[in-house]
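You will see chain A twice below: alongside chain B first, and alongside chain C after that.
On to the complex of A and B.
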């Protein structure tokens, strides 16, 4: 466990040394504040459009941070040849993969806390309420979703040849699932065979990232989600992350490093 | 040397000729468009009309507090935009509602069943001032497509009738009139504003008379004219006369309305009531 945490610690340090997070956070904050300053029919109580845009930017930014951070971990170690001294230490390959995952996931969690803190501040300044439990649910589910994406990216980083291809594929896949994942079976119903079966198979096999997207509930002030469903989503997310991590470990175990 | 000078003169002549050709073309385009375009027009071109429709639908999604079908849902119940429907007919949200019609179809599998806990599934409408949340998307829709008349009339309805922002509603309708000069629908809505919100029947009458004139100029010759608009204009004019204590002056409007109405017998009944003196001035406003 200590070895995994040691590798994770290095990844977290890397996040705050790099400028990606700061740039994305500043952009999100600037755009939100700029839109918040627009006068709409002399009514300063209009807030939901601002919440929607702020959350959209947060989702985009954290997806970019998580994917780019995870995608460069192992390829960068190989490229710089630092993977050899790392593996010369008493650490197994699966521990390196788990350490990289833990680091990326925790770093994304830290970024999420900052982003959601800003979001809470903006919405509280307009709504004069702070539904902390709602925001916690949204943040928790968002973090779980990033866990799946990070695990998938790590798998891509050991299976695909270039980090750029990995980033592109995972980003398109994640955004695609978020947009159409829940509708795949409806789309399949209108298709002919064998495409219909293939799409239905995809519907049941792909991780449904949309479970973790509760933005509409947050924007429109719906009541809390029952905690049992949050628990169900947590198990679902962890299961997919574990599956992708296991696959990454298996691929990395047999991977030639030179 | 002479050759170089001649080339220079030739280039100057070509530049000048191009300028004299391009400047009037650009001016004509700006005039025809009725607007300079702005950044959005520059970036999106004609595609902004598509985005304008999208944002208008987005405002309706906000009206339903985020519960809105996607393009993959083939549920017929959202064919009518409730936000626009309520603005056109003046019905209160929920009054004329068949709740069964808006229930979700049963989930096909466990993924769909489980997923429904993470997005809004209950059919509700914004109320008690919450309607203000639709306004940013309506404003954006109007910015993107200033010739989409419904955006102005719907926005003005919500501003004046639910949010009590009569000045803002009037200003927005006047923006609409600038982009769509003498449009009968905007003129009618402006008349409604003066009649219902400002209690100024004289200006309301002038606006409705102008709206009727413009309707006859623009709509009457169409294959499928907007008869509902004409009915609303004539009904408003007749109501104004009755309210002003001149019921007999309402008869020409009612006769015209009878010709356009899908229920002429009802209109005839109203004419008969006026002729027999059985009509009392109605309540001043619907709201």
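On to the complex of A and C.
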């Protein structure tokens, strides 16, 4: 565990010493601040609409941070050849993969806390209320979703030849699932064979990232989700992340590094 | 003398799309044995298979046949690398880390206790004369400073065996002297040093034994003094003779 955390520590250090994270954060913060300060005709619906835009912005920003950070980890180590002194130490390749995952996931979690914290402060300053449990549920599920995406990106980074291809594929796949994932089986019903069977298979095999999207909970002040459902979603998310990580470890174990 | 590093009929083939036969043989039946406390020079022209051997010893490449052992543990097991230090030919370190952060990171991989880590960091940064730059990111270091940081990381676990890949390559004469002094000091402490080099004069000075590799085959393995007296010449001439170099006559 110590070795995994050591690798994770280097991932986090790298992230906060790079400038792109700060640029993305400042841009998101500025837009949140700008949208949060708008108060058009005291119309409640407009405030909700602005909150929706802010949260969408946070989702996109964190998705970009998670995918780009995870995608460059192992290819960057190989390109810069830092993987060689690292693997010359008593560390197994699966520990490197898990360390990279832990680092990216923790870093994403920290970014989420910053983004949600900022958004909650802006909202609370306008609405004079801070539904902490709602924010916790939204943040927790969002973090689990990022865990699945990071694990999938790490698998792509050891299986695909270029980081750019990996980033593009994972980003399109993630956004695609988020927007149309829940409708895939309906789409399959209108298709002819074999496409119908393939899309149905995709519906059952792909991780349903949209399960974790509970932005409406905050936007419309809906009642809290039952904690048993949160527990189920946690198991579902961890199972998918574990599956992708296992596949990444198996692929990376067989890679000749020379 | 107990063998600290051992290879048995080591064979490595690389699949090649260009090659008509489908595979390129990088190493064929390599048998090496390095005893405790030896300084062992691993020589050969470019493409002889030195880097491939190092890659197998460090677990980067799996052998096609045969096996390699460090301290009698198969190199496929990460624990085989618990007592070794490795210095690559070029500096491949996280440039956004400072020297002390880099050493602390590697110390955690070796699971060295915190207090001992801090003691070793102070000691090693003093040894490689990087104390003044310990809190600066490695990207701000000169090439020589980066190589010295590399030497410090190779020694963080107080290794019993050091694998050095062209340790003086690209260093100025002062840097080379410093590395040579460190190798001699490690030898006097009873450490085993296995290093590949093209600097034959240096190898002749510091090594007890050498192995010469050519086209993936081991051509000779023996004591430097025995080779010199057998061939009645210096190591460079012995090397050229063994690899079959014919000087062009006008």
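The rule is short, and it goes like this: the second predicted complex is superposed on the first by the 249 of 258 C-alpha atoms of A that agree within 3 Å, B and C clash if a C-alpha of one lies under 4 Å from a C-alpha of the other, contacts with A are read in each partner's own complex, and residues count from 1 in each chain.
The working rule: contacts are C-beta pairs under 8 Å (C-beta built on N, C-alpha and C of every residue); 3 or more make two chains touch, one makes a residue touch a chain.
Just so it is clear, the model here is predicted, and its values are computed rather than measured.
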item	value
Chain B versus chain C as contact partner of A:90, first or second or both or neither	second
Which superposed partner A:176 touches (first chain B, second chain C, both, neither)	neither
Contacts of A:233 with chain B and chain C, given as first, second, both or neither	first
Contacts of A:81 with chain B and chain C, given as first, second, both or neither	second
Chain B versus chain C as contact partner of A:256, first or second or both or neither	second
Touching partner for A:6 - first (chain B), second (chain C), both, neither	second
In the superposition, chain B vs chain C on chain A residues touched	B
Partner chain in contact with A:49 - chain B first, chain C second, else both or neither	first
Those residues of chain A which chain B touches in one complex and chain C touches in the other	none
Footprint of chain B on chain A - complex, ascending	38, 40-43, 45-49, 141, 180, 182-183, 185-187, 203-204, 208, 210-214, 216-217, 219-222, 225-226, 229, 232-233
Residues of chain A touching chain C in the complex	2-3, 5-6, 9-10, 13-14, 17-18, 80-82, 84-92, 256-258
Interfacial residue positions of chain C with respect to chain A in the complex	51-52, 55, 58-62, 78-82, 84, 86, 88, 90, 92-97, 101, 105-106, 108-111, 150, 153, 163
Chain A partner contacts - residues on chain B that touch it in the complex	62, 65-67, 70, 72-74, 108-109, 111-112, 114-115, 117-120, 129, 132-133, 135-137, 139, 159, 163, 165, 168, 172
